[in-house]
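Read from first to last, the chains carry the letters A, B, C, D and E; within each, the first residue is number 1.
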Amino acid sequence: MVDTTQYLVLGAILFCLGVAGVFIRRNAIVIFMCIELMLNAVNLTFIAISRSLGSIDGQVFVFFIMTVAAAEAAVGLAIILSLYRRRQTINVDEVNLLKW
Amino acid sequence: MEQVLFWICGVVSIVFAVMMILKRNPVHSALCLIVVFLCLAVSYLLLGAEFLAAVQVIVYAGAIMVLFLFVIMLLNLDDEVHSPGKPRMALIAGSSIGSGLILLFLLTGGVFKALSGTRGAEKVVAGNTQAVAELLFTKYLLPFEVTSILLLAAIIGAIVLAGKKG
Amino acid sequence: MGIAGYTGILIMVAVAAAFGGVVVLLSRLIGKRQESREKLMPYECGIDPTGNARRRFSIKFYITAMLFIIFDIEAVFLYPWAVVYRSLKIFGFIEMVVFVGILLIGFLYVWKKGALEWGSKSI
Amino acid sequence: MGIEAGTVMLGIIGPEVVLVVAALGLMVADIIIKDERERQFLVWIGVAGILGSLAVSASLWGREVAYGFYGMVVVDNFSTFFTLLFLVAGGLTLLMSHRYVQERKLSPGEYYTLTLFATCGMVLMGKSTDLIMIFLGLEVLSVSLYVLVGYVRGSDKGVEASLKYFLLGAFSSGFLLYGIALLYGATGSTRLAEIGAAIAQKGLLGEPMLLAGMGLLLTGFGFKIAMVPFHMWAPDVYEGAPSPITGFMSVGVKAAAFAALLRVFAGSLPGLGIQWKEVLWLGSILTMTLGNVTALMQTNIKRMLAYSSIAHAGYILIGVVAGGETGTTAVLYYLLVYTLMNLGAFAVVVAIEQKDEKRLELLDYAGMGTRHPALGAAMAVFMFSLAGIPPLSGFMGKFYIFSAAVKEGYLGLTIIGVLNSLVSVYYYLRVTVMMFMKEPEAEITPVLFHPSLVVVLIIALFFTLQMGLFPSTYLHIARESIKIFL
Amino acid sequence: MINYIWMVTLFPLIGVVLNGLAGVKFPRKVTGAIGSLAILGSFLTACLIFAEVLRLPAAQRTSEVVLFTWIACGSLLVNIGFLVDPLSLVMLLTVSGVSFIIHIYSMGYMAEDEGFRRYFTYLNLFVFFMLILVSANSFLLMFVGWEGVGLCSYLLIGFWYQRRAPADAGKKAFVVNRIGDYGFLLAMMLIFVTFKTLDFSTVFAAAPHTLESGGLAVTLITLLLFLGACGKSAQIPLYVWLPDAMEGPTPVSALIHAATMVTAGVYMVVRCSVLYSLAPLSMDVVAIIGCLTAIYAASIGLMQNDIKRVLAYSTISQLGYMFLACGVGAFSAGIFHLVTHAFFKALLFLGAGSVMHGMAGELDMRKMGALKSKMPWTYWTFLIGTLALAGIFPFAGFFSKDEILWDVLQKSTVLWAGGAIGAFMTAFYMFRAVFMTFHGESRVDEQVHVHESPRVMLIPLGVLALLSVAGGFIGLPLIEGGNRLKEFLVPVIALAGHGAAAQHGAHEAGFEAVMMVVSLGVALAGIALAWLMYIKNPAVPEKLSERLSGLYRLIYNKYFVDEACAAVIVEPVKNGSLFLWRACDNKVIDGAVNGSGAVMLRASRILQRVQTGMVQGYALGFVGGVIAVLYIVFAM
């Protein structure tokens, strides 16, 4: 038997790995992938809680999160593409025209 | 059975997540992420969310990752190179401390205590898809329709941003 | 039901993975390794490769993939709908008509903007 | 199983339906119309949609509280108030964009459609009674804005702003969702009413999972309202985005986030007030101080207004912290006032700005007031109102907020707030001084006035003056709107 | 007619609209005429109302004209309306009257200026706000006027913004006034929380039984209000902006920085006399600050060479007298001095302006001298103003200053002594200015063609001179049979419990007469010293060297006196004055004001750097915020 807490801890660890990844990487796409990892960690948390509560609402929530993630992915990658076309880089360190 | 699979999935997903954030090559990172997604799909199965496991494979591990890879190839990216003179270490240190602290909060703050010892009813039985579907098209009718707006906005956005020549 | 119903699939996945792994590993262990420039070159049906494989793709690939995702999601919504369609009766039908209708306009838009044309017509 | 017609109540989302239909009509028209010049008229479809939506939502005012779609959304005066506010903001943004889009040869169809979608997202956020609807509304809003921010393709700044907004927005969504998950875990529901009831019944007040969930939810909303330290995206994004969109974001997104914040925290989590008020108390002090102090040295007008909008979020937070009838009324009134005066200021910025992000530096405003007295006078009114100089509406808003804070015993917060608003006068006045009292270095090409822009200016000017001189009606409306929290 | 009080404020607004928005094509004459006529309209309306009020019995002279309800929401009810009572009428008459005269004068003074239209627009706008300020019926509306006049003052100080000094001066005035406004705003919040309203009538009616006399609340409110008054009326330590404000056009200095706006603080204190009389501590603070300012500013004025700066320090000093009067409870004396001061200080500034006009903009008195014959009109009117300011019988300043000193003496001998010293110095530096400018030998640059000003400037001087002579008779001291101004003001100020001094005084008429002679003597002594130093013996240092030859020692024996005088009194005073000006005024206080601004700007620079433009830095800030939020949530 796997305790719900174990799933939640796994989710928390993955979430924090995603957060750490956002800082460590400089490639905008990889940063975005790390954000996706965070969202997946949340999904896992939702599903685990949903089972623990015996309610299915959490799963529906996850379904919507996935849809949102897809929409965000489409737009986000388009933004990264247009950034690359404009500036020939997707290294976030080099994207700092706007500051102060 | 569940124990074993959970541990395998858990360990593999953590290992690959770590690899994802450490691999220099974005393509490798993407591939690692696919593994994480698949592991999570198995976890969903363990949790009795079959429908979501399927969606996870179809949408995430399938479509979204393909999209990622396409973009990576489109841009023809090489390994990340360190840009010199940037306080990289500070950022890394800060981030690890930051995310570590959040993790510490969640774990030691007793945040998950409320649900410890529970694992939920086994009642979510046959036809998980049906159960989700029934909720989705009644109680969650409005969010469902709003989703279509969201997707439409995403279509327009992607075409606008990536479409014409800049 | 839980995981039990998927035991067979899991075993198959495990066996397949193990088979693949073992074969690759065996060839490494047993085979003699002799590297040469020719051998390291990508194999393109015996024809000499022209240029680097790591060339930029056309943006079309991306747009198609992106549209695929969106409509993929739409299709995913259809599965659960199909499962409960009967019990939803006419309202269920209307729900889906609205949903698909909205995305259909998106499709129309994509089409008319020429995003699906692979030719020279720019979007 | 099956759907009972009574639970749907299409009328409840009437304003959204009108908006979406208008947006879809706009897309179809965009497809059908081939001629570039004729496409410029698409804006009127959008405006018609907004007006229709305004009519529908105005008819919802004063009705009995009604839930719809299985309790996902609600129509009460609070939601109607915000619906009207978002529609006004959206409509003025459309009008403001008319020439902007035309001049820069941006494709108009998508621009206006996305603006309508973003407005629709805000409206949904304002009337959601379920966290999932709040989240989806937020995402509709965000996704549309990610695109709009980077809409000017030739702009280096625009695309950078878009990337930053997107990455940080998605990042904050992660935290928001995690917060929702924990709240769901602690209370067993994502429905606001049920969350409130569960906390009361099960005595969950000290429950760590609930607290952590609430904290993360706060950060998610804090991001959208640009509360320090979640504000850092705002100056960059506001500077890089097309000016009308910056105006739209600075009022609309903020108001939407405040609407959701009030509904979730004041509506469902009042029992945890000690905790979240403490956070917002600190946040408000940091937000207004940082916003005002940093704005002092800005040379780009949009960036200055960005910091100013951060500062204003701080003032509004004072009202949220003060709470109670006066405090919440003050928040709503301030949001209304702020929407009109800030959009007015941005309308002036749009009027003066030229293609390729020219004429956005403060120095470019030299001599504008003497060259165009009416424009200068309008800008002066907006700046003075933002600075909180009586008798303009901005002063009334601030006065009401500060009074509420004093009344609820937040004297320290008030003192800091007043001090801040005095500091802020410096940079607002600088704009006016620049316009009237400085000679331009080179001959300035005159500002071309577009009828749509003039309409926006007149509307904003009128209400900025009127809401200051005759605030009673608006305060009354605001008070009617917050009855659900009492 | 009383109900038409709003027309008083309407006229200047019409002027603003006509000149500001429509007047692009107007010729200068028309612009000037519109501006002046608008103020004349206000003045005449105010006169009519005044006449009507005079006909009413004293008890019914206060009425409130509510235009409309501004805010009515919950506990907050604010009406926009005007308070017609003796106090506001006196202020309305003074403000509109003096403004009108100065408008006329400006038509001549600014005739050649490029910004003629801008000037009149700002000036009308200023009058509009000033009239709002003095006739408002609530703190809120008063604050509208308060902020408005501050804004106009800022715009007018920096009128010649092309030059650096005016722009800087405007900025300084702005920063300092912010501090004052801060006090005002906080006081307003406190009043609102305490009384649930901001209407004067309600607040003052409720104050005696709502507030505990001498309690913390009323003391805090009055001190905060006084902070506001200090900012606007240039009292220690917030006076620094006023001398710099002289960078504006001279009529502006006359109108805003001498006659009207700077007295707003005094007006406000008098308006709140009910509150102040409940707070003895605040009263003492007001009196002490007033007295200190009076001496301090006068001592700096002793050695200034810029004619306008002399007048500026003199204004600060005279404002100090007004506060001193208020602080000892002699509110009506304060208002009396406010009115007379408006006349003669406006006259002096306009006279200085006339000198500048004739001298091609020269301000340094060391480059003047012997202008008496070249500019007779200016000289005589200036002399009248000086006599009034010095407090010579029977000029206006004598009566008002004497009344203040008399009332102060009832309270405290120390404060009286301070006031008397100030009066002595005032007489000295004013006559020093007169002598340096108009008498003695001409030190005028030969290139300058000195000429008398045009008639449009001289007539206002004449009118003001008349007022400076006659103005004192509206408030004749008690021994001459009742003070009409004080009586008139009774309905407003009687509440404050003042009157003890008045009754007291009636019994000691003889003593008061003595004191009048004393104060007259003090002023005359000051004049005499100035005469000795600047006319009789204009070159003390040269004489010193001559004396060393020993030959004329006896002949010039009397110069021994002078020299002793010079060594013992004049030199230390001179040095002290210069020291105060250089060290205290320029470094410490200026430094503090500029410093606080600089600190803000530096903080701004530092905070700016946080915004590095690096998206990951922002994310780090975000996560830091998350941790902080979680910490607070769990710690609470």
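Note that a residue touches a chain if its C-beta (ideal position, glycine included) is under 8 Å from a C-beta of that chain, and two chains touch if they have at least 3 such contacts.
Keep in mind the model is a prediction, meaning the values are calculated, not measured.
Participant: Contact counts by the stated rule: is the higher one at B-E or A-D?
Facilitator: It is A-D, judged by the count of C-beta pairs in contact.
Participant: Can you tell me which chain is nearest the middle of the complex, judged by mean CA position?
Facilitator: If one averages C-alpha positions chain by chain, the most central is D.
Participant: Taking CA centroids for every chain, report which one is farthest away from subunit E.
Facilitator: C
Participant: Between subunit A and subunit C, what distance separates the C-alpha centroids? Give it in angstrom.
Facilitator: Comparing mean C-alpha positions, subunit C is 20 Å from subunit A.
Participant: Per the centroid of Cα atoms for each chain, what is the distance between subunit A and subunit E, given in Å?
Facilitator: Those two chain centres are 65 Å apart.
Participant: If you average the Cα atoms of subunit B and of subunit C to get two centres, how far apart are those centres in Å?
Facilitator: Each chain reduced to its C-alpha mean, subunit B and subunit C end up 17 Å apart.
Participant: Report the inter-centroid distance (CA atoms only) between subunit D and subunit E in whole Å.
Facilitator: Taking the average C-alpha coordinate of subunit D and of subunit E, the gap between them is 44 Å.
Participant: Listing for subunit B: what residues touch at least two other chains?
Facilitator: Each of 2, 46, 48, 51, 55, 59, 63-64, 67, 71, 74-75, 91, 94-95, 98-99, 102, 105-106, 109, 112-113, 115, 128, 132, 134, 136-141, 143, 147, 149-162, 164, 166 in subunit B touches at least two other chains.
Participant: Taking each residue of subunit A in turn, which ones touch at least two of the other chains?
Facilitator: 8, 15, 18-19, 22-23, 26, 31-32, 49-50, 52-53, 57, 60, 64, 66-68, 70-75, 77-82, 86, 92-93, 95-99
Participant: Give me the residues of subunit C that touch two or more other chains.
Facilitator: Only 59, 62, 66, 69-70, 72-73, 77, 84, 87-88, 92, 102, 105-106, 109, 113 qualify.
Participant: Touching pairs of chains, all of them, please.
Facilitator: A-B, A-C, A-D, A-E, B-C, B-D, B-E, C-D, D-E
Participant: For subunit E, which residues are in contact with subunit A within the complex?
Facilitator: By the definition above, subunit E touches subunit A via 608-609, 611-616, 619-620, 623.
Participant: In their complex, what parts of subunit E are in touch with subunit D?
Facilitator: Residues in contact with subunit D: 20-21, 24, 68-76, 80, 140-141, 143-144, 147, 151, 154-155, 158, 161-162, 167, 174-175, 178, 181-182, 185-186, 189-190, 192-193, 600-601, 603-605, 607-608, 610-611, 613, 615, 617-619, 621-622, 624-626, 628-630, 632-634, 636.
Participant: Considering the complex alone, what residue numbers of subunit A touch subunit E?
Facilitator: It comes out as residues 19, 22-23, 26, 31, 92-93, 95-100.
Participant: Would you pull the subunit A residues touching subunit D in the complex into a rising list?
Facilitator: 8, 15, 18-19, 22, 28, 31-32, 35, 38-39, 41-42, 45-46, 49-50, 52-53, 55, 57-58, 60-61, 64-65, 68, 71-72, 75-76, 78-80, 82-83, 86-87, 92, 95-99
Participant: Which of the residues in subunit B come into contact with subunit D in the complex?
Facilitator: By the definition above, subunit B touches subunit D via 105-106, 109-115, 134, 137-143, 146-147, 149-150, 152-154, 156-157, 159-161, 164, 166.
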